[in-house]
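If you scroll down you'll find the structure; I have some questions about it.
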């Protein structure tokens, strides 16, 4: 018999349930008997020993459901080594829960922060298999993460809606897309939504070039312009600041987010009526798109196979259309960013999309 | 032969094109010959004589398209009587364009502000037929306006997406729904999305009651709470201020919108993690929902019939499931608000929804 | 304390769960204590005493879910008076279950057939409150039924998809919409989807007029034609047959449904390439649209109120934008059909839509 | 200056317009001057010299539109070498049009049949660049085709809708998915929709195993079963027939399609109530999904680059996440089928999905 712990950590996204269903169905369909313990609210459940023994029906009907039925929470890695408010050693507590339940393996679904902790637990001797969950698609070691395509769909849908209203009123519209550090989501939603200008963290922008693009469109007879702007879009000047200086600048900013600052500056420089829309957390929610359902199910199923094979210490990833196992030490602490010279960026430029560079 | 002018004014919404197609198809299918002139960007096209002669194919394939192919603009009624920057008398200019083109009638699609101007033109002797367009459903004289149900769909979809993420993280989420003066959209989207708390302009709220509701849910085992908050939601204290005082207070507020203020206060009072999402202009955009397509087509078709009958000075409205003609003087300058004692509000309360009153 | 039985009967549709949630929330939120028993698979659960005591959480999270969590089945009214295969008197069995559980009232959700049985139970002395569920919108005594608008959305979406492919290939396409006896769904989906020809049971068609319409479109330069055809569309000749003769003719037909027969005849008469699409049961499924969620919640809430008031023997309906209670004897056995002279039909004709009459 | 001809051939699909927009934007944005001629209705436009000179605005606003604004038609390859009804040599006619317009290159968008003809034209000395369009994803030389993911979305949505109704009534439902020769679409939509049984052409089925799976589910407490069945699903017995024998058998079959035959046999063997739904041509229609919009835009843009580089005789494909050029002779006449041992099939089986093998 195998005893498995399962948890979802970090910001939630679509297809978490689909992925867990994939793991569970594979385990329950195997010959070996399996017990699956679900920890509530991410690592907190593991630390404070809050869990439920899950059965076959817990995983039934959840393929199409957004969110995570186990709950999630963000546990900042920085503080994982520090004791909690009551002085509890969190890592020791997690190991204790693991041992108390005599677990053979932990299945951990999460993004970058989650993988740092997962790797730590692995180095502490726990058996761990992870699944790459994030709408940002910024996990190292995998071409794709689940949640990403669903978020692209939501953000694109927002741009589609803005398109008709922008065209009717002859306005400039900024749609702020999630992504503080990487621009995959903004780049894809921007291309899918027919944005004219795309600003992402990896390609610092020059506002004058943005203004020039809007003017050029206007002169060509286009009444409106759509900008897809990542939360972490950064100007060329700001990109010269140190991280610390820039963080301070953001904290002291009077704008709720960067898009509002860009909007105000654009209005001043161009005279156009610039509006901002922030789809925000809707990008994490709703039913996963069919692509993510298939993808998460496949990854989950392969994670189940790894567990049955007793092959631990890996993230199940996707490389060159093959599902692969990636050692956790290769994943943890790295970001997969948009290369400004990547072919997708070049193609976007050939289509006439301006990145402000 | 009949010569018709057509324009769309005010904030755009879904099904404007569907309504214009309804008018045009009815006119083109009639025995009498008809010429339709489309004025660009609302009343501006009429004032500055910017128009196109439209043919059958201009109205083909637009049933499902959001926005307005004629463009729109907001022309504040207050200033319609004042000359423009170049000293032009706008009303006289509109009459001149009307007479120059020897129009038999103007078809005007718009909301409250638009209807004030349409009524003015009617009293000035122009033949006018109007159609009730607004996502707010606040036009007097009609049970329903087109655009409303489509906006409900977009706003509900946003709440649906937020639902899964709120549930996963055990958070309090505010979804800010459009509506500065009336709460129909927030009320319907809130009920459709399963919001626990709905705050609308017509029912001033007491924040303590909102906090109490969140606490009650929490104690009952619900991990999260969703608030649907209209842009014009107002607290009981603020409702005591004069309009002028309140406007000043809003202008001086440091918050981008009321939801952010409510969020900060809720966090302070309750200790919960409160997040805000603002779907914003997406609520006006995208393809009209089937309900709106049918409804706008029907209204448009009846407007066409009025024109063929030479019956002018009316808005085509909807009362008790009948399409009716409503004299413009009954429509202009009035708002159809949510009655706090309306049965739909009582039903919402029976369902357990808190209005903070 | 009140003890309530609840069941859903007949073909399922969207918003059944939303309606039950509305009833339950209203009852659970009331001061009086309430027990709700859910009977499984419609009247069968009542006959064979298969039920579950339901609690607050059974109704949580179901607002957006299609289908019915209680299950449903079709129990033909004709045979309700006859004993079942084992000789059981079904009506007596239902009364026995009702009495055994000491129920105060049955809440029954269903369409036409369901209402006949509900009325029968009411005349047999049971307390009954019903809710109007059907995608056909053919229930007497109410302007609207829940499920209808959601089905319109699904059918319209199918027509939208067909539109692009029909236009690309210059084809004639038939989309077969549900509705054996009434044409509300076909009429609304057809208008919403921009169908050129709509055939419904209430308006027998002349195939030559259909062919003439296709030719006229073709000559006008339209490459394609879309027909929305109700399952129960009937030709003028067939409309002259007796019901019995026509049923026999259908049974002996080699075509899976009427659309295929129309397609073959159209091809022969016109020479056009005619294709058929049958969205079928998808029209009953999926998440209810926001309109239906609000509407079903409101009806459910008012049903809860009736129960708390001890007011039995009614269907909760909707008339002239008011929620009303309709005596069951007025509802049972009647069909609300499309009047060929109704204003919506006239408007459709003004838009150029051909009904083949 | 470059003169380009463009045509779309074969069954239409989503993102054809997006791909053409990608090519055109890239060409119009290049320094070199470009003329683009659009041939109407596929190869027919080329044969009979029916075309339009296209400008920048023809490609504006079409990113999100389904179908093809140039029209399409199926030209069976078998007969391309034979003269048409009037004795015209089709290949010679195409060359004549090409030469008359002094074209530098033809951009051809299509699937398998289209590529055979495109290759033929290439061997006849015309410059050709092609783009892989098909909902079937069965083109050799590319990991992905545009149209595929959008079709997966439509088919999955149909299964989602059927899910709720199947669950409510405890029925067995067959959803027939497009694909006569290959099963990619059925496999992906089936997995995304949570189908329990998937039958595809590449894996002949044994009906007894299908019945056993339904029984097993029933005994486990599942009230319903969903089958995703490809149009070209084939039983083990029929797979032993020669192609000719099997085609004859199909032609003589009394069933409109294979699903109806399977349904009847399943009902006989299992006693379950089995229903069939055929989404049909809706799978080709509607707005392309964001994935396809990005993908088609990228391919189109790279096709534009090839043309600018004067690099002809290639299909623009996608291999291992890189956009590549594939010589036409490698593409023509080959099918990319599902390998029964592919990891995606193994994963589906681990999830408990039955293929009937």
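Order of writing sets the chain letters: A, B, C and D. Residues in each chain are counted from 1.
Simple rule for what comes next: a contact is a pair of C-beta atoms (placed from the backbone, for glycine too) under 8 Å apart; a residue touches a chain by one contact, two chains touch by 3 or more.
Model, not experiment: these values are computed from the prediction.
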item: Contact-graph distance - origin chain B, target chain C; value: 1
item: Most remote chain, CA-based centroid, reference being chain B; value: D
item: CA centroid of chain C to CA centroid of chain D, Å; value: 35
item: Where chain A and chain D are represented by their mean Cα positions, the distance between them in whole Å; value: 31
item: Rounded Å distance between chain B and chain D, as computed from the means of their C-alpha atoms; value: 42
item: Interface hub residues of chain D, defined as touching at least two other chains; value: 160
item: In contact (per the touch rule at the top): chain pairs; value: A-B, A-D, B-C, C-D
item: List of chain C residues in touch with chain D within their complex; value: 8, 11-12, 14, 16, 41, 65-68, 71-73, 154, 157-158, 160-165, 167-170, 173, 223, 256, 260, 275-286
item: Residues of chain D defined as touching chain A within the complex; value: 22, 25-26, 29, 56, 63-64, 143, 149, 152-153, 156, 160, 188-189, 191-194, 220, 289-291, 293-294, 297-298, 301-302, 304-305, 320-323, 343-344, 347-348, 350-352
